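In order of appearance the chains are A, B and C, and numbering begins at 1 in each one.
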Amino acid sequence: MRQYIIRRLLQMIPTLIGISIVVFAITALVPGDYITARNNPNMTVEKAEELRRLYGLDKPDIQRYFIWAGNMLQGKFGDSLQHKKPVLEVINTYVWNSFIIAFCSLVLSWFFAIIAGVFSAKFQYSLLDKLITLFVFVCMSLPSFFIGLLVIKIFALTLNWFPVGGMTTGGLNATGWAYVKDVAYHGFLPILVLTMLSTGSLTRYFRTSMLEVIRQDYIRTARAKGLKERTVIFKHALRNAMIPAITLLGFELPALFGGAIILEHIFIWPGIGQVYLGSISMRDYPFMLGFTIILAALTLLGNMLSDVLYGVADPRIRLK
Amino acid sequence: MAKEIVQFRNLETHFHTPAGIVKAVDNVSFSIREGETLCVVGESGCGKSVTAMSLMRLVESPPARISGEIWFDGKDVLKLSKKEMSNLRGNDISIIFQEPMSSLNPVLTIGEQITEPLARHLLMDRKEAKKRAIELIRLVGIPRAEAIFDAYPHELSGGMRQRVMIAIALSCNPKLLIADEPTTALDVTIQAQILDLMRDLKKKFSTAIMLITHDLGVVAEMADYVVVMYAGKIIEEAPVLELFQNPQHPYTKGLLNAKPILGQKRERLYSIPGQVPNPIELEDNCHFHDRCEYCMEICRIKPPPFRAHGNDKHKTACWLYEEEREIHERSSHTG
Amino acid sequence: MSTESLPVKTKAAANLAKSADSPWRLAFRQFSRNRLAVAGFIILLVMAVICFIGPLFSPYNLYDYSIKDKNLAPNAHYWLGTDKLGRDVLLRLMLAGRISLLVGIVATLVTVLIGSILGALSGFYRKFVDTVIMRTADIFMSLPTLPILIILGTVLSDLKVHPSYRIYFLMLIIGLLNWTTLARLVRGQVLMLREQEFMQATEALGLRDRRKIFRHLLPNTVPIIIVTATLSVASAILYESAMSYLGIGVVPPTPSWGNMIADANSLIDFRKRPWLWIPPGMCILITTVAINLIGDGLRDALDPKSKK
């Protein structure tokens, strides 16, 4: 297992290099830079040139790539131009806000998807199954920003049940339990939307997986043993259906830490996604590049994690 | 005569498929007596397994309609509630399937799978159940029972897994054990071992066995009584010796001929010409007629009655033994 | 015999009876039995017809509108109301639909073109070519799609691309970032197909590689391409609308469903004038649901292996 992980990590290196080149090339396409994006009327040409030299923006692209990549290798992500702080520090400040909603919605969507998928498969072709299927398709096709706006309109403006946006009530400065409650109150709507977005395809996955498992001989054996239907479904069938699903857990990794760019933008959630969106419009290269690379690395790590998890979950593979 | 523990009365299991109705089991009646091994013989697709699964009420897909009666222990199994039925399964009636490789749940340990019915039906606690499970594993002839208890199915060979299946089936001392082609998927030597094991266990517990097979060798070794099925119907039934010595139905004769006999030299192994008919929308006649060398006019248009001809334990459904065919033939000749 | 083997047998018998039909006919029959998929198809068709023909019947146009009719709620004259310039929302909605559907379809064509060719080359030549293409696919797959799209959209804005050309770039960008899934699927198919007998026959005939790939291999992957392409139209529309909503996709004056929703960014419009942004949102939702339903129906009909 250890060897396998090491081998997989090594295989990631060329891919990461490729990614870094592509990402750098794309950002290099962007005309203008941080200095022009700030659009400061007091900025003289000389001052701008000096700043560019300071930030290393005056060098040719290829040279800048190697400087950047070299720093990256040493774990130096540089300073965010916009936040005047090291990139990693900025990430650390905001990523946990994103993590909160991502994690909650991960747990919730898995919970709902398992329930819906299991019942949909158990009662295949029933009305319930058809309703769930339709719901799945709607969830899979939701434009996140529109549905975000819609729930704000309905639940925050019309019904006034939840706040329009933000993560905490301004000026409340609550601590402890009150703080948690305040965040939960603000987080409800973004978590709701995020959960809806991911529940669809997951439900579908569990349904197909369950349908396949339910037809297996060992399910017939379990029934022939006189076990209760509940035991047959939730113990014998679900455990088997979960194994391929475990791999999906690995793929969730980038979503957990990547932030939901559009939803955070709409709900004014101070997460990493919103900061990232801001960094693009501010031409904050170090942050933009650094975070994109981290996202890509998380994707690769997630792929690896899902393979490892599969091995851990399946006794047939575990012992090999 | 021993008490009959299962009686199939006019059992009909029909599948409704988009292509038409499949009469997988069509008006089947027979009984199994206490302590007896009854073999159901026939080619694949003749309805043997569906008959057994109808008794277990585990026929699931495609949507099937089961009618008739199956009496077990004084109750009509088909009328039991779901809960009563699941109390029966694995407890009074248990079953061993054909595919030992896929019949055990790959993600649960052997121990877990054996103790389940013990906890469910005999209400044993964990410790008791484990003790009993290890006894059972030993009983079915698996060495290192403690280690096997914690093993996963994929660590065992096919023969071992089938032994585990037998252990599960026997765990609650069932009155009837259904074995659905228990040895078909196994190597020949393992087959013999499993059959020996079943015979020993039967002697020990005097469990009735309903053994489903297409292998007449297995029948000869195991059966007390034989039921021959063809295309959803019983075409012949008799005690095993009687059947082997004096087969009546041309299909049974064909089956017996198709079996190689040791020491007997034959140019080619006999095989019944033709194939099992398409099960969809069978006509109301003798389904074997187009493969039968004695086929007569009446065979094509009318199903033969199933009854004894002479020996009252030996019943056959074949026009060859009926008076009526002569009347019919005469009338068709004159007319 | 096990109980499970029975339906298979009957199904096989049923297929035998219909073996005279071509696989496409069978697929069509299968598809038309799927009620959800047919419903999706009809919805999409209606949507497309309204968007492409509807504007011809509209009494309004986008260049000649009266500012005094601005910000009207839906009424008998303006069924979906008017926007801040007094333009008919329904008309804009239909014109936006044209753009959104077009972007979705053309972006998918780009995806199909790149994905199927690279996939086929990869599967056909294997070895070095395969390694290069699949490594590249790995890289593209690990790129976070939305962030990259946002960066590229920003690039478009900064390059001051004219709004009317912008949609072409958009189609290209969205198509380019999506090719990996299809390439992998096609590659898998080609790897399998090239071992089959008919390919050995082409070997014996001495056909050129190009002919082998384009006349013999790729046509056999068409079902899988159709299914993937259909589903990718939906995702392309979603990407386009998200980008347009952020103001870096299709930009005004060219209307698109996404940039119409961007009206909701003004608090007063968001609160008081839902007719400006809810209809385009619903259009996106309905269209993508319809496409996904069709795609799913097609998958069941064309790709029996993936059917569970």
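To be clear about the criterion, a contact is a pair of C-beta atoms (placed from the backbone, for glycine too) under 8 Å apart; a residue touches a chain by one contact, two chains touch by 3 or more.
Because the structure is a prediction, the values reported are computed rather than measured.
Here the chain-to-chain distance from subunit A to subunit B, counted in touching steps, is 1. When every pair of chains is scored by its C-beta contact pairs, the maximum goes to A-C.
Averaging C-alpha coordinates per chain places the centre of subunit A 55 Å away from that of subunit B. Distance between subunit A and subunit C, defined via averaged C-alpha coordinates, is recorded as 23 Å.
Averaging C-alpha coordinates per chain places the centre of subunit B 53 Å away from that of subunit C.
Of all residues in subunit C, those that touch two or more other chains are 2, 4.
Within subunit A, contacts with two or more other chains are made by residues 215, 217. Residue numbers of subunit B whose C-beta contacts span two or more other chains: 58, 61, 97, 99. Only residues 56, 58, 61, 82, 86-91, 94-95, 97, 99, 102-108, 116-117, 120-121, 152, 154-155, 165, 168 of subunit B touch subunit A when the two sit together in their complex.
Listed in rising order, the residues of subunit C touching subunit A in the complex are 2, 4, 36, 135-136, 138-144, 146-148, 150-152, 154-155, 158-159, 234, 238, 241-242, 245-246, 258, 261, 264, 270-271, 274, 277-278, 280-281, 284-285, 288-289, 291-293, 296, 308. On the subunit A side of its complex with subunit C, the touching residues are 14-15, 18-19, 22-23, 26-27, 29-32, 130, 133-134, 137-138, 140-147, 149-150, 153, 157, 208, 211-212, 215, 217, 254, 258, 261-262, 265, 276-277, 280-281, 288, 292, 295-296, 299-300.
On the side of subunit A, the complex with subunit B involves touching residues 215-218, 220-229, 231, 235-236, 239-240, 243, 314-316, 319.
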